[in-house]
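All remarks here apply to the structure that follows.
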Amino acid sequence: MIEQPIMVRIFDITKESPGVKTLFFKSKLNFEPGQFIMVWIPLLDEKPFTISYFQEELAGISVLKKGLFTNALHNMKKGDKLGIRGPYGRGFSIPKTLNSCVVGGGIGMASLATLTERLGNVTIVQGTKTASEIIYRERFKNMNICTEDGSIGFKGTTVDLFAELLKKQSFQRVYACGPEKMMYRIFELCNSRYIECEVSLDRYIKCGFGVCGQCDCSGQRICIDGPVFPSNELSNMKDFGKTLILKNGKRAYC
Amino acid sequence: MIEQPIMVRIFDITKESPGVKTLFFKSKLNFEPGQFIMVWIPLLDEKPFTISYFQEELAGISVLKKGLFTNALHNMKKGDKLGIRGPYGRGFSIPKTLNSCVVGGGIGMASLATLTERLGNVTIVQGTKTASEIIYRERFKNMNICTEDGSIGFKGTTVDLFAELLKKQSFQRVYACGPEKMMYRIFELCNSRYIECEVSLDRYIKCGFGVCGQCDCSGQRICIDGPVFPSNELSNMKDFGKTLILKNGKRAYC
Amino acid sequence: MPKIDLSINLCNIKLANPTILASGILGTTKALLKRVVENGVGAVTIKSVSTEPREGHKNPTVITFEGGMLNAVGYSNPGVDAAAIEFASIEDVGAPVIASVIGTQKEDFVQVINRLSKSKFSAIEIPLSCPHTPGFGMLAEQGTPQATFDITSAVRKVTKLPLFVKISPNIPEICTVAKAAEDAGADAITAVNSMGPGMVINIEAQKPVLSFKVGGVTGDALRPIAIRCVYDIYKAVKIPIIGVGGISTGRHAIEMIMAGASAIGIGTGIYYRGIDVFKKVCEEMTQWMQENGFYSINSIVGIAHD
Amino acid sequence: MPKIDLSINLCNIKLANPTILASGILGTTKALLKRVVENGVGAVTIKSVSTEPREGHKNPTVITFEGGMLNAVGYSNPGVDAAAIEFASIEDVGAPVIASVIGTQKEDFVQVINRLSKSKFSAIEIPLSCPHTPGFGMLAEQGTPQATFDITSAVRKVTKLPLFVKISPNIPEICTVAKAAEDAGADAITAVNSMGPGMVINIEAQKPVLSFKVGGVTGDALRPIAIRCVYDIYKAVKIPIIGVGGISTGRHAIEMIMAGASAIGIGTGIYYRGIDVFKKVCEEMTQWMQENGFYSINSIVGIAHD
């Protein structure tokens, strides 16, 4: 394998919410839910995105507008070219017939989308700050939605809603992706109830294939050992929920 | 494939004639009759030799003492190490059930030995200057032998003896290896009788895999296009039987 | 049969085996160094540290091609103050740790070394040879014999730790540079840094892939060059050599040691064979030594020479 | 849809396509040159010729490794008198033929060129950059800017044929050398010669494999270095560049042309893909150009530059 971007044309663009667009492109990636690709805009930069749609050689990434690079992605048009390489990393484990729940906070829902499709019958929790930020409403009809401002669904965070759900039912496995503090609390909740949990971590990515050391979390490389980690590994990762490493190598709090 | 010598230990040494020794070594070469290997003596040189024995992972080269390198080979002992790479080149074609004849002049017989074994029922002509130079007498019991001094067998050259044989019988295919002048005359004899002929040419070899251009014969590279050439190709090779190229690139007469 | 002993003594540092994690690969955190030690390495090198924090180049910073890898990370690092915290009580990692120190001028090297002096590093390495970071290495002419002598001398004055000078394969006068380092008091030569630089262009994008356009070449492509450099340097200096460049198997390691290396560095090999490349290389070396009648690393060093 | 046109005009030589057989590969006889032409090449280069016959180094002279090839042939050639006979009526080969001329001093170059002047060569190439032959190229310091200028000037005086100067990837000051060649009247730069040298040691034999111990590195390992060299030289000189190094596919050829090459040389590619590599590369280029909306080679030259 050669780790170099391949150029693909944007086949379609859909708007998921005011801040999130999905860019579709044709691709024969050998992709597992939870893995990511590196997206290159020549002369600008290259950044990691999860594949949020994957059907019949059409793949999509759902991009939350944040800074320079995601802005540039939002400004792209049908027919424009992007470089992609990957997929990289270890995805979610997908056991058959488990009673499971996915918990997505904000754009974290993108990482869980293809997993959710694969799992089929699964409890879905999606939470955002406010109603307009909820994505994939058409795609997943029976989501348990929550917003911090209560503008739609349950008022509160995904952690609050998940805790509510746990009062009524139990799960054999929980998958979470979102802000690290949120994931950490979901992980704790699961641990206290002996529920297996897998979360998809987020660190600054450079190489994407395990050599540069940029994406460290307690000796684990997010890009190749993760981004998905199960509870038993997370228990040994002291940095989880606490510190991350910036582009320049400095530590910062999550 | 990586074209670098692999060291093998000399497993056994047998004397074929006063001037010819066979060195055996264990090897899993994927070898076809007519192909050759490059034999390396570290710090000395590396030269081409045909595989003259090949049975159950035991391969042998029969070496005629000629100059510095073949002398060094003759001085080696059981257990000494040699580098080998290959096998290289195009070997003899081996059609089933043809009535065929192999004609070996001098050490040329070495190139024909494994072919002869593969063909099974085949007419064998071996010629040398004198009786003591005949090799493989135990190995091939029913050889038609000739010597220039008549000290054993037919008195004359392999060409003479082959011409005699042709008076009594015909062949569908003839294989020849020996001095180029001899091969050229066998080729002519065959042509005049519409017998298919294959000869194994001898040119100075450097790379062995078709890049250096040292082994040219009329635009054919002996090392990769040959060393075995069939009549129809030989007909277009003007240098065949006439000129060869020395180590320094100068032309000389065969 | 005598037992195979892979351990070495490199400038009075004891290594369980001759493999060393090369600088810039995974050496960003103490946790990662520890992980590499768990995977059987003999010693580790931290990612190079400068006085101030550096973001490095933008992505793409590391790519591969048919013959190896290209990188232009650009010396991203948190600066010496943060590094001193990250690598405090570095002795915890369980193997000797080499501090890689960079600077744009010799005072910087001195400053970084002084500020790291509280951590128990086993040696200092100064790469004067990066081919793709403005202000440093080859792009700042730190790789000339004179500059190598000057920087090495300045560093020598402020540390008693074994001092390794890391040099570039891109210069015809490599032996002169190695000699200059030796003369200035270096305890070992690390040979080599990445080669080139090289460039890969994506033809559909019509642009170089690396954001810095060019990057240092490592991996298989570099190995024969690195072997030749070590072979030549071995004849030119008396101090030990740490051979680095394209090593990913036990055979490669033995080859480098036969060329004259006393220890070997591995970087790109992690890409080729995983983070446990160190364990694999050691196992392969042990097996080869067993089969070929060698029982210590010392008995192999430089034996390809006449 | 416009027809794809691969033909180029290189210093007023018309080539059916931009592929050129690099010097030293198969260029030993007229018959082999003809064979290469039958396999679709745009122009061919003869193996370098000196005043006197040369045996070159002993075998092994050419080996391969994971990243490419190593050679130390050592400029074996029959000398100019025999070469003049071999390459008489060279126009028969059916494509432009470039004479590669070497010497230990500038008078040798002049002498060889004069003696070859009866043959209808289309251009002269002088490699000042071989890394493994004592008396020539890098081992005779012919690759410095000054020596390059001197030899090129001397040759310029005795031939009206297009003059190509072939330079080494092993020197930091590659652009200065290219500029020196241009200033001295070269019509094109051939970039690059083989890299290194490198060394491969057989660990069971405990000896370097090549009889000359070291050899020039070519093939995949060289490509990113060659691309970078051409990219840099393109900015430094106005004359065309023949890009050589690691090209074995149409994509590689396009990449080299985007870096700034007007034509491309192929050597080791013959090992990777056979003697018809030229045909394959041209077919692949044509298809790529079709798919990507390019119709002439000219429109691609240097477009990776900002």
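As written, the chain order gives the labels A, B, C and D, with residue 1 at the start of each chain.
Note that a contact is a pair of C-beta atoms (placed from the backbone, for glycine too) under 8 Å apart; a residue touches a chain by one contact, two chains touch by 3 or more.
No experiment lies behind these values; they were computed from the predicted model shown.
Drop chain D from the picture, leave everything else in place, and list the groups of chains that still touch each other.
Taking chain D away leaves these connected sets: A, C | B.
State the smallest step count from chain A to chain B, taking one step as a move to a touching chain.
The fewest touching-chain steps linking chain A to chain B number 3.
Any idea how many Å lie between the Cα centroids of chain A and chain C?
Computed from C-alpha means, the inter-chain centre distance equals 36 Å.
Using mean CA coordinates as chain centres, what's the chain A-chain D distance in Å?
One centre to the other, that is 51 Å.
Which chain D residues sit where two or more other chains touch them?
In chain D, residues 65-66, 200, 204, 206-207 touch at least two other chains, as defined above.
Taking chains as nodes and touches as edges, what kind of graph is this: line, ring, star, complete or other?
It is a line, because the chains touch in a row without closing up.
Write out all the pairs of touching chains, ordered by chain label.
The complete list of chain pairs in contact reads A-C, B-D, C-D.
Residues of chain A touching chain C in their complex?
Chain A residues touching chain C: 1-7, 38, 40, 42-47, 81, 83, 205-207, 209-214, 216, 218-221, 239, 245-251.
Help me check something: in the complex, which residues belonging to chain C touch chain A?
By the definition above, chain C touches chain A via 24-29, 31-32, 34-35, 47, 53-56, 58-66, 69, 71, 73, 76-79, 82-83, 86, 200, 202, 204-207, 209, 211, 267-268, 270-271, 275.
Quick check: in the complex, which residue numbers of chain D touch chain C?
Residue positions touching the partner: 65-68, 70, 138, 170-172, 195-201, 203-204, 206-208, 213-214, 217, 219-225, 227-228, 231, 246, 251, 254-255, 258-259, 288, 292, 303-304.
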